[in-house]
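After this come two complexes, each holding subunit A, first together with subunit B and then together with subunit C.
For the complex of A and B:
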């Protein structure tokens, strides 16, 4: 690197710098996302159009992987079931997340930060450890069953809480809840208190204030909170597998299975592209909803 | 003048010595293997014996071995340890070369079962030397089974519905089901056999509590739930379960079980065929086999007594991994089975 490259637009008279500072600065700023994000992403999009021949990937473009996917009822139904599951998780987390965020917001301000930290501290823990922990709580010999038997609610340990649809919902809900609480709390906090006071001054009941002021004002955060849970649940290939028993087969696992022995990276990449498009779709829809509420 | 000559000669001699020792040091053996297979004590001894230096790269998966070998066309490594079913692909991609048995006096140490493994022979030549082996046995809880179950059929017995753990692995599930159905080669199925296996595995699904993925996953589900039977990923799971307080034991049912063998092979682009053979010959010494069994709990191929001591006496009842007829088809079938709801 020469001195020129470091100078910030100052150069010897009559000589043009090869690089001037801002140019280099912008080059680095632009190169980083190109190299770290766009290239890998582009490569994986491209791989989706390739195929495997005799153990090696052939970069010949075709739509075969996509045709295979959409013409196979098993794959399409796995995708639809995963979408339903993710939507259920998102709906649950929007409700519960709103409840918790609202509670924190209504507490005395001095409590806000500690409570928020409490609500999000699970994010600091490894995801796999949380899964193992939840499984040991929900299992047949687990804490929940032991407690229920101990207090006499159950005669004997039950298989109700693990390796079924319920356990997938409970576990995904718990794991992704912090992602819903945070954005909802942030929008609630931004509602000016004067608005709430004005509503009360004009004779609005607590319910009316909530219904016509708090709820609409916090809607963008609530939508984002639900969106986070939805997208995270959509791509999760570990949680359903680990807590859902034979019902824990999801789209993420289908993608995962194309690597390793199957060695069908192109098909895996094509399905990952479908997941990516769906996720972008969710973001676009969420964006549209937010825009509409803000217009009102 | 004399002095000057002497110093000239001396410096020339010194240069020669340095050059010689440099070339001796350049003898390097590059090994690609799993952890536990090229332990320090053996590496040090080998380095002392041969004067070569050994550089080991550890791998975490078969995929990684292929990626590394294909990436350099084999030039980055001299010897590799890999499992039998991968050899066809390595051979077809010309990444390995046949062994010269004349350079492997210890080859005769191999027990009979390991002298002629089909999946590592091509054009009538051996391409690898078997080193360590194990099985995918049936693990059971002694509380539920005072005597070991004698057939894989227990996994289908409705009496144990909800107490059975199966494995989330297309190849292992399909091959074992094929063995239960008595098909001749569980790694090469016909269309009709594929259909029968699918039906069989769907029936099993109704009995299964969960499909586990990975050694630890299986152990934790077994220990935390009312599980009696597990299609196991390997012998070490028995000890892991016992540590968790489960009275577990393993058996090889009468239909047999899948077995794996890790074998040493030589890269096609090795820089030092001699040294690579020396390493493999060293690994076939009986005391190395003894060490493998006592240290890792896996079977060895050269010391039957050491196998006996840890209970690995059933190599002849195993069907060792071969490359499946169509891996993609197996994965697709397994996905279909997993996606089909059970009543």
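For the complex of A and C:
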């Protein structure tokens, strides 16, 4: 036996292995995801500075795509409209999601798990199917209209609920709601009961305890829930297409169209870069809020 | 609870009931309609049948899409579990800048809008001249779910603690032996949970897949193409089956996670 077998896990100083197998192995394992994510993303972002000439992409760096985008009022208004839409979806879902998560948390413990599962099941249900089902309800011939007419609220079926911006708002709100229920509940659950008791013992009313203990403690989950809704709504291109019709144009759909009908990939890549910057901004802000509340 | 708190509680209960009704009513309705033939928008409630399900079994393109989905799902599970476990293991042993870089990078596809992940992969494949296939779909799915596997496994590895691994090394086990005989047995439940979760996510993934699937479409992509045309009993039947499958998987995941949590607590 050489003394190699005795020095397991400890490399003798001043001696280098001839072939470092494990190190190479770990290098490959770590490099694989980094390359698979960064290389395509980097290339794609670079494409945003290119342009199309006679149907082929020309890799010449210029800011033309960005100038075109921001100097065209139609594009800018679509972006602003989508930002408003996404903010509305996120705000609505944070509010409703918080209400539901709070209710579940205040129920007797036996109910927590079943109710939470009920609120989570839609998360893993096919996205396309949810859209299909909602469209069949909201449509002119759909059950919502039929019900409203049957009850007598409407004289005849209305087009109010499908193929406009409102229908996109409703649909995204419903589809992304479970994304906020779960994280909010998980932070609520982590609040130590002793903290709530302490607040009550010190004479805090139910409202004061809620306002100064529960709300700040659950802020990280609420922010994460809102972040998911916001980012998903910003980039979604299928929901607007399925329930938005001609009037329901959003930023995600605008990007998508550059890769289909318009076939201007560099311009699409430039717009996707704008989306990326916005999303990273949202993530950074959310991260900062979470860090600040956890520091307190 | 004071009377006022009780009123708030009741109101929030109503909010939840309403929200759950809105979440579930459409899909339940669509599922029920799978059993009733409809003619020009009028549903014939008097005549329930399972005929639509029989027709599905004879639809070659749907069966092919289903097979593709299963292949993609299982491959994604295998690759993401292997890669995710190794990366989590490395971080648990050595939390250096490499680990933090990897962690940051694999969370990007999970947090960014799917359209960015999908488009960047599509654009790179195009430039590299690689044709789109089920392989490219698997790559997209693995990148999407890797962060979840990594997180779940890392949590588990951290709860096991470093001392047991050090003990194994001190007793002369190699890295692989430690992994195989010491860590793997206590990782099995985390692996099972991640596996089911990854499969469920891959099964439904639409927004990245649409960019990466060439001629071989997966079930959600096939469904999307069918749905764009309109409503039919066939679609409803397929929808009902897919939904039933998703519900079973979600309940299984929830149950697995809960079992782990109560074991950790008790």
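Simple rule for what comes next: the second predicted complex is superposed on the first by the 264 of 296 C-alpha atoms of A that agree within 3 Å, B and C clash if a C-alpha of one lies under 4 Å from a C-alpha of the other, contacts with A are read in each partner's own complex, and residues count from 1 in each chain.
What we mean here is this: a residue touches a chain if its C-beta (ideal position, glycine included) is under 8 Å from a C-beta of that chain, and two chains touch if they have at least 3 such contacts.
These figures come from a predicted structure and were not determined experimentally.
Chemist: State whether subunit B or subunit C is in contact with more residues of subunit A in the superposed arrangement.
Modeler: C
Chemist: After lining up the shared chain so the two structures overlap, which partner does A:55 touch, if you call subunit B first and subunit C second: first, second, both or neither?
Modeler: Only subunit B is touched by A:55; subunit C is not.
Chemist: Once the shared chain is lined up, is A:136 touching subunit B (first), subunit C (second), both, or neither of them?
Modeler: It touches subunit B and subunit C both.
Chemist: According to the stated criteria, A:162 is in contact with first (subunit B), second (subunit C), both, or neither; which is it?
Modeler: First partner only, subunit B.
Chemist: Answer with first, second, both or neither: which of subunit B and subunit C does A:154 touch in the superposed model?
Modeler: neither
Chemist: Could you look at A:259 and tell me whether it touches subunit B, subunit C, both or neither (first, second, both, neither)?
Modeler: both
Chemist: Does subunit B (first) or subunit C (second) touch A:66, or do both, or does neither?
Modeler: After superposing on A, A:66 lies clear of both subunit B and subunit C.
Chemist: I'd like to know which partner A:78 touches here: subunit B for first, subunit C for second, both or neither.
Modeler: first
Chemist: Show which residues of subunit A both subunit B and subunit C reach, each in its own complex.
Modeler: 132, 136, 141, 242, 259
Chemist: Taking the touch rule as given, give the residues of subunit A at its contact with subunit B in the complex, in rising order.
Modeler: Touching subunit B: residues 52, 54-56, 74-75, 77-78, 132, 135-136, 139-142, 157, 159, 162-163, 241-242, 244-249, 253-254, 257-264 of subunit A.
Chemist: Sort out for me which residues of subunit B touch subunit A in the complex.
Modeler: 61-63, 70, 89, 92-93, 162, 168, 170-171, 205, 208-211, 213, 217, 220-221, 223-226, 324, 327-328, 330-331, 334-336, 338-342
Chemist: Give the list of subunit A residues in touch with subunit C in this complex.
Modeler: Of all residues in subunit A, those touching subunit C are 8-9, 22, 26, 29-30, 32-34, 36-41, 43-45, 47, 96, 99-100, 102-104, 106, 113, 115-134, 136-137, 141, 143, 174, 177-178, 206, 231-232, 234-238, 242, 252, 255-256, 259, 265, 268-269, 272, 275-276, 279-280, 283.
Chemist: Would you mind writing out the residues of subunit C in touch with subunit A in their complex?
Modeler: 2, 4-5, 9, 12-13, 15-16, 19-20, 22-27, 29-30, 41, 83, 86-87, 90, 98, 101-102, 105-106, 108-109, 111-116, 119-124, 127, 139, 143, 146, 169-170, 172, 174-175, 200-201, 203-204, 206-207, 210-211, 220, 223-224, 227-228, 231, 235, 239, 242-243, 246-247, 249-251, 253-254, 258
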